[in-house]
Amino acid sequence: MISKKLILFLFLLAVVFGPSCTIAIAQEAPADVDTRWFHTGKIWIFLSVVLFSCAIIFSIYRARGGGDIFIRRIAGLEAVDEAIGRSTEMGRPILYILGLGQVGDVATIASMNILGQVARKTADYETPLRVPCNDPIVLNVVREMVKAAYLDEGRPDAYSEDDIFFVTESQFAYAAAVDGMMVREKPAAVFLQGTFYAESLILAETGNSVGAIQIAGSDSDSQLPFFITACDYTLIGEELYAASAYLSREPMLLGSLKGQDYGKFLIFAGIVLGVILELVGITWVSTFFKEV
Amino acid sequence: MGTLTDLITLLVDFVTSHAQILGIWVAAFFTLCIYSFLYRDNPFYRFAEHLFVGLSVGFGIVISIHQGLIPFAWDPFWEAVTKREFMGLLKLIPIAIGLLFFARLIPKYSWLIRYPIAILIGIGAGRAIPNVMDAFIFRQVHGTLTPFGKIHAGELGFFAIFGAILMLVGVICTLTYFFFSIEHRGVVGRISKVGIIFLMVGFGSAFGNTVMGRVSLLIQRVDFLLSDWLRLI
Amino acid sequence: MLEKLMSIDRRIVFILVAIAVIIPTLLNVRFPITVSQPTRSVYDFIDELPPDSTILMAFDYGPSSLAELEPMAAAVLRHCFSKNVRVIGMTLLNVGARLGDRVMSQTSAEMGAVDGEDYVFLGFRPGGISVILGMGTAIDSVFSADYRGKPLSEIPMMQDVKNYDHIALVLDLASSGTPSTWIAYINTKYKQQVAAGVTGVMVSELYPFIQSGQLVGLMPGLLGAAEYETLIDTPEKATAGMSVQSFVHLLIFVLVVVGNVAFFIQRRRAQ
Amino acid sequence: MRRQVPLILCFLFGIVMMLVEFSPHPVSEGLRAEVIEWDLIIGPFALVIGVVTLVHTHWIRIRRRVEHWQYSYLVFIGMIVMVAFGLPMGPKNGGNELPKWLEWFKWFKGPENEVFVWFFDNVQVPMEATMFSLLAFFIASASYRAFRARTLEATLLLAAAVIVMIGNAPIGDVLWNELSPVGENIPSTARQWILDNPNLSSRRGIILGVSLGVISQSIRIIFGIERSYLGGGD
C-alpha cells in the first residue's frame, strides 16, 4: 500500500506545478508588458488588507484566550425574554422560523445559535417551541441543537422531536403551510431569523394578523423593510450576527466582530479626517483612497 | 405496428405545426394553476410547482453540461489528445479534482468532495479580499470625500453643499449604528439614533421600489393572458 | 364596522389588485414619463459613443424578472442598433441564455441588424466571477464560440474585440447581485465603465455606486425601461406597463392610508 | 488527509489569488489566468451536489409516503423530460451535426433544439414569472393589514415608501402638474432626492460594514479559522 503521505505529496506537487509549468511554457512576454512584480499604486490597499487581517486574527486569538469582549445591548434581544414570558402566561406556543437558508449560510448559523438560547429558556418554562423547517439538513442540525439545549437545562423530558419538523423545500408552499399553522395555532410569539426571500412578507403579515409578538432578524437587505413594518423588533443585517455572537459567546464570532469594529473605526477616522483636510484644501486622504 | 408509427407521425406533425398556439395555451394553463394559489393551496398549484422544480433542475443540468463541462473540460482535453499536445493534458488535473464531486455518491469516500470545495472557496476568498477592499471600501470612502474637495474649490451651490453634508452625516451615523463593541449611550447613542433614521428612509425607498418591481411582474402576466391568450387587446 | 373593515378577507384585496391591473390594461391608458438623471446618464453615454464602438450587455436575469428587464434590454438594443454601436451579449445566469438570445434576435430583426457584424450573442458560461475575470484576459478564453456554436475567430465583429480594452461600456441587466460583482471585479481592475439596469427590488442599494462614479448610470426596473423608451422616442410595452402601474400604486397608497387611519381610530378608542 | 489537505489547498489557492491581484508581472498574470481556468473547470462539477440532494430528498419523500408524496414524481418527470430532450443536442444546435439515431425525430431538425426551447419558453418561463407576480397581491394585502405607523421608525419607513411609490408612478407627476399651482414634477423629484440623499448615505454605511464582514470572513477562511464549509465529521 502506498502511504497516504506520498499521495498527499504528489497531489500537492501536481496542484502547485500544474499551473506553473503551463505558464512557464505559455509565456512569451511582448515588449510593452508591465513587468513589475508589485503594483506600487496598490500598496495602500495591500497594507490595509494586511493590517485588517492582523486585527481580525489578533481579536480572535484574544477572544479564544478568554479575553473579555464587550458587545453592546441589542434591542431585539431584550424582547426575547418578554416574548417567551408572554407565551408562557398565555399558554400558547412559540413559533421559530429559520428562513430558507442552507446550513452553510452565515445567517442560518446565526439563527441556529439564537434558537439554541431560546430553547434553553423554553425548556425551563415548558413552553412548546415549534420549528417548521425548510431544509432537511437544517432540520437535523436544529433537532440536535434543541435537544442538547433541553438536556443542558436538565429537562430532556420536555423535548419533543415532533415539534421540529420538515415542511417542504419550496418557497411558497412553505410560506402557505406556515401561514396555516399560524392561523390555527395562534402562537404568542413568532421568531423570524435567518435568510429570507420574497416569502418574508407573507409570513410577517400573517404573524402580525394573529397578534403575535414578532422578533425578526435577517441579512437579506431587500426583505428588511417588510420585517420592520410588520414585526415588533427587527435585527438589521450585521445585528443578527452580533446577536448570535452575543448569545453564544463563540470566540471566533466575538473576535471577528471586534476586529470588524476596528476596521469601521479606521474608516470612520479616515472619513472625518479626510473631510476636514479636504475643506482646507489638503487632499492627502482622498488621494490615499483614490482609484489606482 | 405500422399504424402506431403512422399515428405517432400524425401526432408529431400536428403538434409541430401548432407548436406556438399550443405553447400559449400551455403557458396560460400553468399561469392560472399558479394563480389558483391566491384562493388557497390546491392540487393544481402543487402540480405546477413540482413540475417547475423538476424542469428547472433539468434545464440547469443540460446547460451546465453543454455550456460548462463540454467547452471548459471536454473540448480542451479532446484537443490535447487529438493534437498530441502534452501540456494540454495538464488540464486533466482540474478535471480530476472536479470529478471528486462524485465522491458524494459513495458514503465511504464522501469526504473527498472537500478537496474541490476547498479549492473553489479558497479562490473565491482570495480574489474577494483585494477587490472588495478596493471597490467597496476605498472607492466608497473616496466618493464620500470628493464633494468636500469641490466645496473647497467653490464649485458647489448651496443645495449641493447641503446634500454633501447630509451624506456625510448619514454615512457616519449609519456606520456608528453598526458598531457593536461600544455601548450606545450618550453621544454615541444619539448618533446611532440618527443612523436609524437614515436606515429607515433607505429601507422605505427600497420598499417603494419593490412594490414597483412586484407589480411589474403582475402587469406582464396579465398582459400575456389578455393579449396573447385571450386576444382581447 | 371598524373591526370588520380591519379584518376583511385578504382575497378581497387580491380582487381589487386584479381589477386595478386588468381594466387599465384593457383601456390601454398612457401617461407621459418623466426621465430621471441616472437613466439619462446611461442614454447619454451610449448616445455619445462613436459609431462602431462596442458595448457588452450582460443579460443577468431569469424568467422571474423578465417583465422588468426585457423591455429595458429591447430599448437599449434599439438605441445601439440605430447608432451603429455594436453589442456583445452574454449572461452569467443559466436561464439568461435563452432570454438574451430571444430579445437580441427579435430586436435585431426589427432594426435590421446583422448577426456577427452588428451584434453577437455569446450565451452562458458557468463560473460567475471567473467568467468576468477570464474575459479580461481574453474573451475567447471563456467563450470559444457564440451561442449558436460559431467560433469567435469566424465572427467579423469579434476580430478587433479581444478583451475589455476594446469595450466601451459594460451594461449589466440584473435581477440579483451581479452589478456589484461587475463593479468589484472589472471597474476596479480593468477600469471598465459599468452601467446597470436592475429590478425594482435592487434599485436603492446601488445608488452609492452612482455617486462614487463606479456606475455610469442606473435604470430602475420597469420605470427605467419606460424612461429609456421615452428617450429614444418609441413608447412600447414598458410605457404602457408604467401607466397601468400607476393605478396599482394608487390602490396600494389608498390601502396604506385606510389601514393606518383605522389603526389610529382603534388605538384611540382602546385608550 | 481529510481535514488538513483541504485546509492547505484552500490556503494555497486563496493566498495565490490574493497576491496576484497586486502583481502586474506576466508570470503572475499567467498564474492568475491559470487559476481562473481551474475555477471554471472545477465549478460546473459542483452541479452533482445539487442534483444528488434534490433526488435524494424527493426519493425519501416518496419512500416514506409523506404528505403529498405523489407530487415528487412530477419533480422527476420534469427533470427527465428536460434532460432527455436537452442533453443529446444541447440548448442550441446551430452548426452541430445531428447524431444518426436522432434523425428520425423531426423536432430536432430545426435551427434550434425546439423541444427543449419550447418547454423552457412555454412551461418554465411562465411558471417562474407567475410565481413571483403572486407577490404583487401579497404586497397589497400586507400594505393594508400590516404596514402601520406604530413606531417612529415604521413611520419614517412608510413615509419614504409612499413618496417613492408616488414618484415612481407616472400618474403622480400628471396629477401634481394638473392640480397643484406650484412646481412641476414634484413627486418624481422628491423620489429622486430620497434615493440620491438619505438612501445613498444609509446604503453606503451598510456597504462599508458588510464589506468588512466579507473580508473578515475571507481571511478566516484562508487561514483555516472558519471551517464550516468542511461540514461535520473528521
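Descriptive notes on the structure:
So that you can tell them apart, the chains are marked A, B, C and D in the order they are listed, and the count of residues begins at 1 in each.
FYI, contacts are C-beta pairs under 8 Å (C-beta built on N, C-alpha and C of every residue); 3 or more make two chains touch, one makes a residue touch a chain.
The structure displayed is predicted, hence computed values, not measured ones.
Following the contact convention of this document, A, C is the list of chains adjacent to both chain B and chain D. Interface comparison, A-C versus B-C: the pair with the greater number of contacting C-beta pairs is B-C.
Set against the C-alpha centre of chain D, every other chain centre is closer than that of A. Here the spacing of chain A and chain C, counted between their Cα centres, is 30 Å. Taking each chain's centre as the average of its CA atoms, chain B and chain C sit 14 Å apart. With centres defined as mean CA coordinates, chain D is found 15 Å away from chain C.
Taking each chain's centre as the mean of its C-alpha atoms, chain A lies 19 Å from chain D. In chain B, the residues touching two or more other chains are 37-38, 46, 49-50, 53, 56, 59-60, 63-64, 67-68, 72, 94, 123-124, 127-134, 136-137, 139-144, 146, 167-168, 171-172, 175, 178, 199-200, 202-207, 209-212, 214-215, 217-218, 220-221. Among the residues of chain D, those touching two or more other chains are numbered 5, 9, 12, 18, 21-22, 35, 37-40, 43-44, 68, 91, 120-121, 124-129, 131-137, 139, 141, 143, 145, 147-148, 153-154, 157-158, 161-162, 165, 168-169, 195-196, 199-200, 203-204, 206-210, 212, 215, 217, 219, 229. Each of residues 14, 17-18, 21, 64-67, 95, 97, 123, 125-127, 130, 133, 188-189, 201, 203-205, 208, 211, 220, 223, 245, 248-249, 252 in chain C touches at least two other chains.
Interface residues of chain C, counted against chain A in their complex, comprise 7, 188, 191, 201-202, 205. Of all the residues in chain B, the ones that touch chain D in their complex are 12-13, 16, 19, 22-24, 26-28, 30-31, 34-35, 37-38, 46-70, 72-73, 91, 94-95, 97-102, 104-105, 111, 113-133, 136-137, 140-141, 143-144, 163, 166-175, 177-178, 195-212, 214-215, 217-218, 220-221, 224.
Those residues of chain A whose C-beta lies close enough to touch chain C in the complex are 209, 221-222, 291. Those residues of chain B that touch chain C in the complex are listed here as 38-39, 56, 59-60, 63-64, 67-68, 71-72, 75, 123-124, 127-128, 131-132, 134-136, 139-140, 142-143, 146, 167, 202, 205-206, 209-223, 226, 232-233.
Across the complex, chain C meets chain D through its residues 6, 10, 13-14, 16-18, 21, 31-34, 36-37, 62-67, 95, 97-99, 101-102, 123, 125-127, 130-131, 133-134, 137, 141-142, 147-150, 189, 203-205, 207-208, 211, 220, 223, 226, 242-243, 245-253, 255-256, 258-260, 263.
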